[in-house]
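These are the structures in question, set out in turn.
Both complexes below contain subunit A, partnered by subunit B and then by subunit C.
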Partner chain A sequence: MERFRLVFSGSGGQGVITASIILAEAAVLYENMNAVQSQVYGPAARGGAARSDVLISEKTIDFPKVTHPNVLVCLTQTAYNMYNPIIRPGSLLITDSRYVKTESKVDARQRELPLYATVMEKIGNPIVFNICVLGALIALTDVVKPQSVVSVLSSRVPENFLDMNRYALDLGLEIGRGAKQIKKD
Partner chain B sequence: MERFRLVFSGSGGQGVITASIILAEAAVLYENMNAVQSQVYGPAARGGAARSDVLISEKTIDFPKVTHPNVLVCLTQTAYNMYNPIIRPGSLLITDSRYVKTESKVDARQRELPLYATVMEKIGNPIVFNICVLGALIALTDVVKPQSVVSVLSSRVPENFLDMNRYALDLGLEIGRGAKQIKKD
Partner chain C sequence: MKKNIKFIQGNEVCVEAALYAGLDFFAGYPITPSTEISEHLSKRLPEKGGKFLQMEDEIASLCAIIGASLTGCKVLTATSGPGFSLMQEALGYAIMAEIPCVIVNVQRGGPSTGNPTHVSQGDVNQARWGTHGDHAIIVLTASNHQDLFNITVDAFNLAETYRTPVILLFDEVIGHMREKLVMPEKGEIELVDRLRTSLGEGIDYHPYLPREDGRLPMSDFGGVHRYNVTGLFHDMWGFPSDNPQVVHGLIRHLVDKIENNVHQIARFKEFFMEDARTVLVSYGAAARSALHITKNRRARGERVGLLELQSLWPFPSHIVREKCASAQKVIVVEMNVGQILKEVKNAVDNPEKVFLANRVDGELITPTDIKSIMRLIHGKGV
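Let's turn to the complex of A and B:
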């Protein structure tokens, strides 16, 4: 597998860091890979922006920061505007269609997905939006198996919230698989 | 302020990563500093070990990993054995007396604190052990003000758990202040 370099960006409160940690743990605990997760808090964080970096590899990873991601997730317009210039050309860029208006000039495989809208329509609770995004992300990249994420969720999420989290993950997986099949490029 | 380089280590489930993120957010959102928090998951993570790095500085921080901490927290014997060799000589080393038996040969200002025992005696719930550790850490280092941590807790912790978290923080602050005053070296 090519080294997986993810920048997961949005605003504070969207659960970007939590989703990143869940992904890193899934890779390490259930798929025998190595992972690094980090976040740099600077002036942007004071403005409400959140950015989390995740590196996943079969080999040892030394440097924990992603300079040029091959997968970029942007959950706000600010995050999209700030980070789309750093993506590796031709890489995967996932945005939420409720929050981000994309531009065609970006050299990336852009997937605008109705993740937030679907979570609100089917579940009605924005707290699991990040888990839905994670579902779409793993469906589009195959970086870890859905079952590995479910295993991490089972050990981290209080029992009475587990069904909601699994449902959000499934919705994301479904949307991600749809976007993968339709848009071959 | 000298750059604050923390390695926060223990086992999975002790809340090491959560406490680190709370500390980093307190520094950035309420004290106008910069911070980086990261964790490297490798074979040790599969054995249940947790290590989180936090850098806090008034200046911009580029490299997110701590090579030689000037503050080391160890909440298990395994973590203590693994990480005490990397501490900067003469730096602060905080351990929990329930979990770690320290050795005098380590060149550090060692503080063995009864944090876990106090949480269990006064609160009876191990879930806030990490917050108590954080209280002791900030009392001993003055890296951020207690009020900044309280502000982060207020925005992150569900309301019905907030009092318990604040109490755990206060217990840690008290123990940390005691250890600071008694052992001058």
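Let's turn to the complex of A and C:
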């Protein structure tokens, strides 16, 4: 597997950091891989642009930051504008169509997905938006198995919210798989 | 899922290791980027029957753990640069009174309140010389979670072995990042317990009278013996003395017990050093970048090696001298203006072959940064 280098970005409060920790934890605890997660601290994490870096690999990971992501997730326009220049050309760029207007000049496989709209329509609670994004991300990349994420969710999420999180994950997986089909056409 | 695998922050690893080492008492004042140590211990330590105190400041924090250590507890406090500055007076007291304790400094940018949420390695010399007067100190560091666990347990062991404060000098990157930790089993790492006097009640106890082997058995303060503890130069009863012979003897003892054991205290790792012509010397988070570029250059056939230091003080000059003997270039990779650089220059046969690769803007030095500097040093331009 090529080293998975993710920058997960958005705005403070969207669950960007949490989602990235869940992903990295799934890789380490349930798939016997190595992962390093780090995040930007300070004012950025309190309402401004939030950023979390995740590296996943079968080999050891030395340098712990991501300089040129091969997967970039942007959940706000600010984050998209800020981080689209650092993506490794031709890599996967996931945005939410409600929040981000993409530009065609960006050299990336851009997937604009209606994740937020779907969560609000089917679940009606934005709290699980990040988990839906995570679902789409793993459907598009196959970096970990969905079951591994479910296992992490079961250990981290309060029982009352578990079904809602699993549903959000499934919605994301479905949207992600759909977007993957388009790519093959 | 294996039960003993965790995916946690470096600060949490430090907590787990301290508990493994037998921590009984923590007093501290939360400060970024070390706050998670206080946060997690406030929950975990009482669960294990220990005591957690949040103090009014860092001066009180170190004073509190010094007192607790005297009563027989294994103790810890955690802070960052500004708090570490406040601790310097009490640190000197702990050195003088020979009180085992462990102090974590998760470094951030300085001086002053500096750059709280960003990485730096600017406190290396503060850890060595921050408190006044001639003294010796043990300072350890680590670059990954498994090593961080081991070195934290080591810190508690060395504090007891040498009756001295030990400083764990971590940094924001290591403290905050999450990676895998395989929790060692109970008994897997040896623990050093407090050396206590065998003297019973009613028999005179001399707190500062060394045994044949130079070690000083302790008696739990508040227990069966009455004795004096002071920051002044003191005699074998612990009472102040300005007798030149006593003063000279004590200062030699405080310095020698650590400096003379530099071989036992030295901790380091080496990568691709066998035939290395260019040797990188690094520690902490910077060593991760150094290791990345070392592997990268090796893959291209360049004879680059890495010496990673895990004990910074007493400085392991003998190791650096030996390992860098056949190197043509030695490049110190650190995130300050050259604090370990000077020590490496002093240690090697020819200081002219030692160069600095650094970054002091609050960002972690990258493998590309190091590569560019290596090219310049080798006269290849950027």
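What we mean here is this: the second predicted complex is superposed on the first by the 178 of 185 C-alpha atoms of A that agree within 3 Å, B and C clash if a C-alpha of one lies under 4 Å from a C-alpha of the other, contacts with A are read in each partner's own complex, and residues count from 1 in each chain.
The rule we apply is simple: a contact is a pair of C-beta atoms (placed from the backbone, for glycine too) under 8 Å apart; a residue touches a chain by one contact, two chains touch by 3 or more.
No experiment lies behind these values; they were computed from the predicted model shown.
*Asks:* Which holds for A:Ile17: it touches subunit B only (first), subunit C only (second), both, or neither?
*Replies:* first
*Asks:* Taking the superposition on A as described, I'd like to know which of subunit B and subunit C A:Ser151 touches: first, second, both or neither.
*Replies:* second
*Asks:* Scan A:Thr67 for contacts with subunit B and subunit C and give back first, second, both or neither.
*Replies:* A:Thr67: touches subunit C, not subunit B.
*Asks:* For A:Ala139, decide between first (touching subunit B), second (touching subunit C), both and neither.
*Replies:* Neither partner.
*Asks:* Based on the superposed arrangement, let me know which partner A:Ile94 touches: subunit B (first), subunit C (second), both, or neither?
*Replies:* Neither: A:Ile94 stays clear of subunit B and subunit C.
*Asks:* Shared contact residues on subunit A, subunit B side and subunit C side combined as an intersection?
*Replies:* On subunit A, the residues that contact subunit B in one structure and subunit C in the other are 21, 24-25, 28-29, 34-42, 61, 63-65.
*Asks:* Using the touch definition up top, name the residues of subunit C that touch subunit A in the complex.
*Replies:* 1-2, 5, 7, 32-33, 116-118, 172-173, 176-180, 285, 288-289, 291-292, 295, 364, 366-368
*Asks:* Which bits of subunit B are touching subunit A when the two form their complex?
*Replies:* 17, 21, 24-25, 27-29, 32, 34-42, 45-46, 60-61, 63-65
*Asks:* Which residues, counting only subunit A, touch subunit C once they are in their complex?
*Replies:* 21, 24-25, 28-30, 34-42, 61-65, 67, 151
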